[in-house]
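The structure appears right after this line, and notes come after that.
Chain naming follows the written order as A, B, C, D, E and F, and within any one chain the residues start at number 1.
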Amino acid sequence: MKKLTHIDDTGRANMVDVGHKSQQSRSATAEGFISLNAETVKLVGENQMKKGDVLTVAEIAGIQGAKRTSELIPLCHNLLLTKVEVNCALTASGVKATCTANCIGQTGVEMEALTGVQVALLTIYDMCKAVDKSMVISNVRLTEKTKSDL
Amino acid sequence: MKKLTHIDDTGRANMVDVGHKSQQSRSATAEGFISLNAETVKLVGENQMKKGDVLTVAEIAGIQGAKRTSELIPLCHNLLLTKVEVNCALTASGVKATCTANCIGQTGVEMEALTGVQVALLTIYDMCKAVDKSMVISNVRLTEKTKSDL
Amino acid sequence: MKKLTHIDDTGRANMVDVGHKSQQSRSATAEGFISLNAETVKLVGENQMKKGDVLTVAEIAGIQGAKRTSELIPLCHNLLLTKVEVNCALTASGVKATCTANCIGQTGVEMEALTGVQVALLTIYDMCKAVDKSMVISNVRLTEKTKSDL
Amino acid sequence: MKKLTHIDDTGRANMVDVGHKSQQSRSATAEGFISLNAETVKLVGENQMKKGDVLTVAEIAGIQGAKRTSELIPLCHNLLLTKVEVNCALTASGVKATCTANCIGQTGVEMEALTGVQVALLTIYDMCKAVDKSMVISNVRLTEKTKSDL
Amino acid sequence: MKKLTHIDDTGRANMVDVGHKSQQSRSATAEGFISLNAETVKLVGENQMKKGDVLTVAEIAGIQGAKRTSELIPLCHNLLLTKVEVNCALTASGVKATCTANCIGQTGVEMEALTGVQVALLTIYDMCKAVDKSMVISNVRLTEKTKSDL
Amino acid sequence: MKKLTHIDDTGRANMVDVGHKSQQSRSATAEGFISLNAETVKLVGENQMKKGDVLTVAEIAGIQGAKRTSELIPLCHNLLLTKVEVNCALTASGVKATCTANCIGQTGVEMEALTGVQVALLTIYDMCKAVDKSMVISNVRLTEKTKSDL
């Protein structure tokens, strides 16, 4: 059984204070992969999916998802993203999604890049699920993170 | 039939990078019109609509809509609006809505002003649709856009 | 000067009660137009806009906007849309957007169809505003509304 | 009966302009209380509520609610919160919720602190309502507000 | 210090399953109070507040807030509200807010009614805070809850 | 280069019509994994993470994320979920997240289950990223999907 919480502050959820951090130009890139079977890859490549142009819808959804990261992730700070780019590239075995997010602010943008990737991959899943029952999302990770003074 | 997308980057949806732009004081004003029939104009003017005070509800909805522009328009940047004002003026043939949005930021606020107008006009439509079946929204456009250094 | 409000209930904003209405299959179609200059029409048609594929992004934004109608329009009821379709058709002088929304529920879906049109048109405005300074949105109206018993 | 509105601008809803205000480090703390009966206090303290760990869920909900203040309160400005902290402390007669919000910006954060408290208290209400029919939320107020130059 | 969580399922946050409950017509009414000083009461009554018509804005915000209850309260179910009504009544010492929410569904609407009250009261706080530094929200509670078979 | 779109309807994004489908009791379960290094696993297990109780926050975020699926995934229908459950189980090498979503409706809930998993895993990433730079999310997939007549 779980014990009484809040005897002291250890373990209490909190947003870390970024008020003392300097405004910097920040960027992060994340990627991930969704496996598709061969027939699905063919249908996506020929833009024959019933729900529409899979890669384009996924890219747009990813951009919009990245902008809403702080609503989804409880302890994320709201940021003013200066750019979001999502690229969904069809391969022989699925789609690789990459997202780069930039901001000028007091905290990093890796969660925004990762959220952009995840929402893009979920959108692909949604658009292909009528024909492909074995899709798996994998290898979602941060590939680059930079910051530089203004 | 639509061809395979993403042979190269042409046509890929993307948020333009505003990270290099300077912080400026920016303002935009937009307007639009919804036609109402004579009986509807009279009811709105006398505040006899069943759903309530049409012009006031529309103005408040417009302000709230302007604040959510970046959620609605996929490639819009999130901005910190310093002021939003929506004015719904009853005329003999309908309502003219005007919205001014201000911010200090790296990109313009014309979409926020336009979204404020559109949400105000849609709200008027909603509140009058029980009695008026011929409303048309028209002439939605930007009327002014300024920026100045801080 | 505006007088004291709420002496009685007249004019108070309220959501009308739809609890007594029967579940019906409902559909509504709305349309609207955004004027573009000739050069912009050409760029959209050739998919050369810097922000991406204008018509596709607008259609997706319109679908998503229609789903959020009750958040934007204060006195709209939340509905379970069974289908939303947005069509953005390029003409010689601009883009005509059409949206059809369906639901099975206790109230009509005309606001959802109109909101889908407006968000699609605003998205086109956003994607073309770097090259076209004279766009105007007009003729936004309901073109069809049906309901039938289940 | 309510009179015709908008004869002049008096009484029109508007977001006040904060564009001229300086960027300052701002903080606000608010608190509030929800009364629980003795049996409910015992169940919360022993973490035996069917819906889960009441205090922890309430704290997380409060943080998320504070971040969405400008969506809920029509005339609030969107802010970039640098920290939000919510503390729900169980007492012999209920739970006292405290929220501190910080930002660097042009306007104060008291509404964010108050919203954090209210959403936390509503969450406690939701999680305990199956067993306690007499809960009352009271004494919700601002306890501290500071600002300092950067 | 807080101990390791999740040794078993006790205390895990979860939405209770309402899938087995019958569709019923449900209603709930909640109320709450915000104290205002005498000068503020006078200004609200004369509609002289700088931010606009306090009672009307609060009522609209309350309706919109009630519709978003399931986004704010983590374990609340999304509902299709058939009606929401918010009434803000000015008294000699403040404003009493009342909210009634109705739905046809599988679970009660008390959280929607309470959220409508809380958002209305927070909106009043926001609109009066420039002139009143001693407002307190109190006595927020459920006053009625009914359900009946269809 | 990408060719002119919309020569015909092929490839146009659209929400499929579910209006003709019967109301059924539907359930879906999805899972996924995030790898953590040994030190991070130890810190999570001892609830020593600076941002708070990782597993609990992730479970709550997952529940809330599942409820917002139709906002994130452009062509998903809004649903009334009757239950969402998220379970984050710590293993020797990371956390396995499982989400079950139920609804009574006209379309399946697999996207809700998958979105619950993804938001939970992203939340874990966010809470551990200060101490673990090599986390990878993988094996996100549907494990069960059922429907039955009412």
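In this text, contacts are C-beta pairs under 8 Å (C-beta built on N, C-alpha and C of every residue); 3 or more make two chains touch, one makes a residue touch a chain.
Chain identities (UniProt): A, B, C, D, E, F = Cyclic pyranopterin phosphate synthase.
Please read all numbers here as calculations on a predicted model, not as lab measurements.
J.: Along the graph of touching chains, what's the shortest path length in steps from subunit A to subunit D?
T.: The least step count works out to 1.
J.: Rounded to the nearest 5 degrees, what angle rotates subunit D onto subunit F on CA?
T.: Fitting subunit D to subunit F on C-alpha atoms yields 180 degrees.
J.: Quick one: compare the interface residues of subunit D with those of subunit E and tell me same or different, with half as the dividing line.
T.: Answer same: the two copies use largely identical residue numbers here.
J.: Return the distance between the CA-based centres of subunit A and subunit B, expressed in whole Å.
T.: Subunit A and subunit B have C-alpha centres separated by 29 Å.
J.: Can you check how far apart subunit A and subunit F are, centre to centre, with Cα atoms defining each centre and the answer in Å?
T.: So the centre of subunit A lies 12 Å away from the centre of subunit F.
J.: What positions in subunit E touch 2 or more of the other chains?
T.: Within subunit E, the residues that touch at least two other chains are 1-3, 5-6, 10-16, 47, 53, 56-57, 60-61, 64, 68, 71, 74-75, 78-80.
J.: How about subunit C: which of its residues touch subunit E in the complex?
T.: 1-6, 12-19, 70-71, 74-75, 77-80, 105-106
J.: Can you list the subunit C residues touching subunit B in their complex?
T.: Against subunit B, subunit C makes touches at 10-16, 32, 47-53, 56-57, 60-61, 64-65, 68, 71-76, 110-111, 114-115, 118-119, 121-123, 125-127, 129, 133, 135-142.
J.: Touching residues of subunit C toward subunit F in the complex: what are they?
T.: 25, 45-47, 53, 55-56, 59-60, 63-64, 67-68, 78-85, 87-90, 102-104
J.: So in the complex, which bits of subunit E are touching subunit B?
T.: Per the touch definition, subunit E meets subunit B at residues 53, 56-57, 60-61, 64.
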